[in-house]
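Presented sequentially are two complexes of chain A, the first with chain B as partner and the second with chain C.
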Partner chain A sequence: MNVFRFELRRAWMGAAVWTLVLIGLLSGLITAALPAFLESRTGVENMLANFPPAFAAAFGMQMDNLFSFAGFYAFGFLYYSLFGAIMAASIGLDLFSREKRDKCMDFLLTKPRARSRVFCEKLLAALTLILASNALFIAASLALYYAYAPAPLMPERALLAASALLLTELVFLAIGACAAVFARKVRSVSGTATAIGFGGFILSALHSILEEEKLRYITPNKYFDAAKAFFDGAFEANYALTGAFLTLALIVAAYVRYTRADIPVL
Partner chain B sequence: MHLIAKEFKSGLKPFLFWTLGLFVLIFAGIVKSMGAMAEGQFMTELIGRFPRIVIAVMGMLNVDISSFGGYYAVLMQYIFVLAAVYASHLGSSAVSRESIDRTYEFLFTKPRSRSFILAHKMLATMAFLTAFSSLNFVFSLLAVKQLTLQGDYSGVFARFSLAIWLVGIVFFSLSAMFAASFRAAEHGARAGNLAVLGAYAIAVGYDLVEQPGLLRLVTPFRYFLQTELITGAVSPLYAGLCLLLSAALLAVAFARFERRDLGAL
Partner chain C sequence: MAYAIETKKLTKYYGKARGIVDVDLAVEEGEIFGFIGPNGAGKSTTIRTLLGLIKKSGGSASIFGMDCEKDKVKILSEVGYLPGEVFYYDNMRAVDLLRYSASFFKKDCTARIRELADTLSLDLNKKIEDMSQGNKKKVGIVQGLLHAPRLIILDEPTSGLDPLMQRTFFDLIQRENERGATVLFSSHILSEVQRICDRVAIIKEGRIVDLRSIDDLRKNSYKKVSFTTENPIADFSLAGVRQIAHDGQQTSFLYSGDINALLSKLASLPLIDADVSEPELEEIFLHYYEDGEAAK
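Here is the complex of A and B:
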């Protein structure tokens, strides 16, 4: 487990900082803005009362969903998933391109360890970091849920919604790992990770503007929808499955490539 | 001139990659705009009366989809982000690429000063940034031809493209400054990328609060507000600020680059 320990030691600091930033963002948004947001409901309702009843009724349907902890959480999820995506992609890129960047691939691969073993230990280290980070994030989400959400509470739905970030991050971890293994050269981990993270963010924004359903199949940030998890108690199966399948396929592709590829010329 | 030609060659592939993203975003966005604009008028009017934070949570802030100009501004929000990430990549790679590739010993033993080399590298990368924002203009013009719209939008497109270029050079110079200031190339690149992310987070904060005050000065993403760009001109005050900021940052970058240890990784 040397590789596992080494990778953890190298990468835990970055993951810890990202986790703190994520939790700070989450609690900052909820403690600072959620009460004001929920209070503004009466104002909006008074305004809507002046409209034709049919219209107000149609809008009223959404009001319960919008003015709730869940509605606000789903709004923030756009940004949590941006940060989480960059974190996960950078962990994937960092771990799987470390020897490539430092030009010491030959050092690692001449050790009496199968490449598949090295790959698995690196993957395990990456998963450990992401799971640990998300355990904290989910705990913070649930704590805030208990503190701020109006009754009735549905903790199992909140748990599912909070784990949407974990699942999204796993997709981005796979993307990052795959990019690291297939790229001929990785010049900057943070640069590539930022590009991947913002790429997903822009795709999800484009999907919101265009409302084109097909686009959602290539938008990792929207495979696991926190709002749906809150309101229906489940993710939409076809997108969730797409996400799961994509993650597995990318990891398998990275594994095959990592275990067979020639070591790049130094 | 060799340097510039060499930089053009090595930067071409990433450039094509980024322009492909730009192309897809603009064409997909503009060609599909008609559907999004259909129900815009009434919704925009209604939503205008909601408290600011409610609009933000509904994802409708700054979204005036009743007109093509408003819709285009929403699209451009994301092009600004795209351009900032690209510019930050350009800035840090202009400074530290040779260190990362370990070719600095070859290049910097040539009879040219460090500033000369850096200036040429920056000219080349700056050309990519300029081409990127010009292509934004060209792609927008081409895409809007696919629609049957009344009126001439080339002025709007030109103003947005100019604003993208101005915001781009700020992030370009900032990343170059970071890359020249940090010992390790990766740390410099990371600082540049975090600056983009941080500026974006502040921009979102700027949208959320009712009275942002000085917050606008902190984030280049809000130097040029879309309402101003659609109706009026590019604010000369903030354009000047962009130029001044990047001149100052580049001056620091050059000063630091002259003294830094090139091989430190």
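Here is the complex of A and C:
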């Protein structure tokens, strides 16, 4: 497991910073913005009424449920999932393109370790980072739910809604890993991960504006909808399955490429 | 008998582009085997196929009797590899990289890392990105040898090393060979190969064009001769001269034969200047082209 340990040591700091940003954003929105929204509901409603409907939809401000803990959490989820997507894509890109970026594929792949095992150890390290980050995010979400949500409480729904971020991040981890393995060169992990994350965000906004259901099948940020989890107690099966299938397909494609590709001379 | 390295009709195409074609090699255990050819001839392709970095298109390749693709992991535990250009992870000290490298082998390499670093005067606590190209190469040498491999594969290993360090490096390789290691030494510099190898295979345009002992190569080695005379010389004949060219007062050719005969002949001329040197590899390879054309 030396590759696993090596990757964890190299990548944990970045994941820790992203986790702090995510929990900071979550805490800020729930502890500061939500009470302010609820206190000045009429003013906010008037303000939102003046927004173009497409604009409000694109940024997740749906008037019908914005003034509840669940609705506000779902509104915030658009942004948690943007940041989470960038973090997960960044982890996938970083771990799976490390040797390509540093031009040391020869170093790693001439060691007595099967490429399949190297891939699995890297994947395990990436999953460990994402699971650890999400464990903290879910714990923070539940703590805030208990502190700020009105009775009756439904913690299982809060747990499911918070876990939407984990599932969304897994999709983006697979996208990042696949991009890293198939790209000839990865110049900037942060730049590429940001582009992937914002790509997902733009698709999500387009879906909200156009309300075209087919578009949702190619919108990774909306495969696991926190609002549905909160209000219906479940994700929509067709989109959740699409997300699961896409994640699996991307990981398998990355695995096949990583284990079989020729390593060219630098 | 199992060879340290054995390839039979080993072939690699990159799409339609030729890599290597029908390469037959048999490197015996314990020898230092030279692998020489100009850039693009197929040396690195052969080595990368042996190491499992690229997949062959045809033929077979084995190391210590094990198949290079099926038994890659077992083979790599016995192999140390030093590429021509060395690159390592950013923001890492040499000692950390070498510990990581050692962690792939089921043995304690700590003492050997120290010993090799001392031999090469390498500061292990320095960050690799702050090192000169020569020192990075030393890190590469240590990481290639730290597990005392049975087979050492060197692909253009001396680039970036100063002459003094090259001598230390060759001494180190010879010591490894005395310990029992087999060495495959790839280079495009003939003198390097002549310095330490027992036998040499010559590769040109993806095919092995010759395989001979270093003694044989020395006996048949060419010198590049050029001289300038007061007046142009129309005729210069001596057994062993080939590729003669006249350019005004200057005459140049490749010579293979008794050096005393050459010097006597030159001494009889009204010389202004004379130069006897080792020919470029390309010039030596013209000989193989000529022989190939003649055979047709």
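Keep in mind that, in the parts below, the second predicted complex is superposed on the first by the 239 of 266 C-alpha atoms of A that agree within 3 Å, B and C clash if a C-alpha of one lies under 4 Å from a C-alpha of the other, contacts with A are read in each partner's own complex, and residues count from 1 in each chain.
Just so we're on the same page, a residue touches a chain if its C-beta (ideal position, glycine included) is under 8 Å from a C-beta of that chain, and two chains touch if they have at least 3 such contacts.
Just so it is clear, the structure is predicted and the values come from calculations on it, not from any experiment.
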Here chain A is shared; do chain B and chain C fit on it together or clash? fit
After lining up the shared chain so the two structures overlap, which partner does A:I218 touch, if you call chain B first and chain C second: first, second, both or neither? neither
Report for A:A195: first if it touches chain B alone, second if chain C alone, otherwise both or neither. first
When the two structures are laid over each other on chain A, which of chain B and chain C touches more residues of chain A? B
Would you sort A:L20 into first (chain B), second (chain C), both or neither based on which partner it touches? neither
If we overlay the two complexes on their shared chain A, which of chain B and chain C does A:V44 touch? Say first, second, both or neither. first
Distance of closest approach, chain C and chain B, by C-alpha atoms in Å: 7
Where on chain A do the contacts from chain B and from chain C line up? 103
Please give the residue numbers of chain C that touch chain A in the complex, ascending. 14, 44, 48, 51-55, 72-77, 79, 81, 83, 85, 87-90, 100-101, 103-105, 143
Given the complex, residues on chain B that touch chain A span 21, 25, 28-29, 32, 35-36, 49-51, 53-54, 56-59, 74-75, 77-78, 81-82, 85, 88-89, 92-93, 97, 100-102, 185-186, 189-190, 193-194, 196-197, 201, 204, 208
Per the contact definition, I'd like the list of chain A residues that touch chain C in the complex. 2, 6, 10, 98, 102-107, 109-114, 260, 262-266
Using the touch rule from the top, collect the residues of chain A that touch chain B in their complex. 25, 33, 36-37, 40, 43-44, 47, 66, 71-72, 75, 78-79, 83, 86, 103, 187-191, 193-195, 198-199, 201-202, 205-206, 208-212
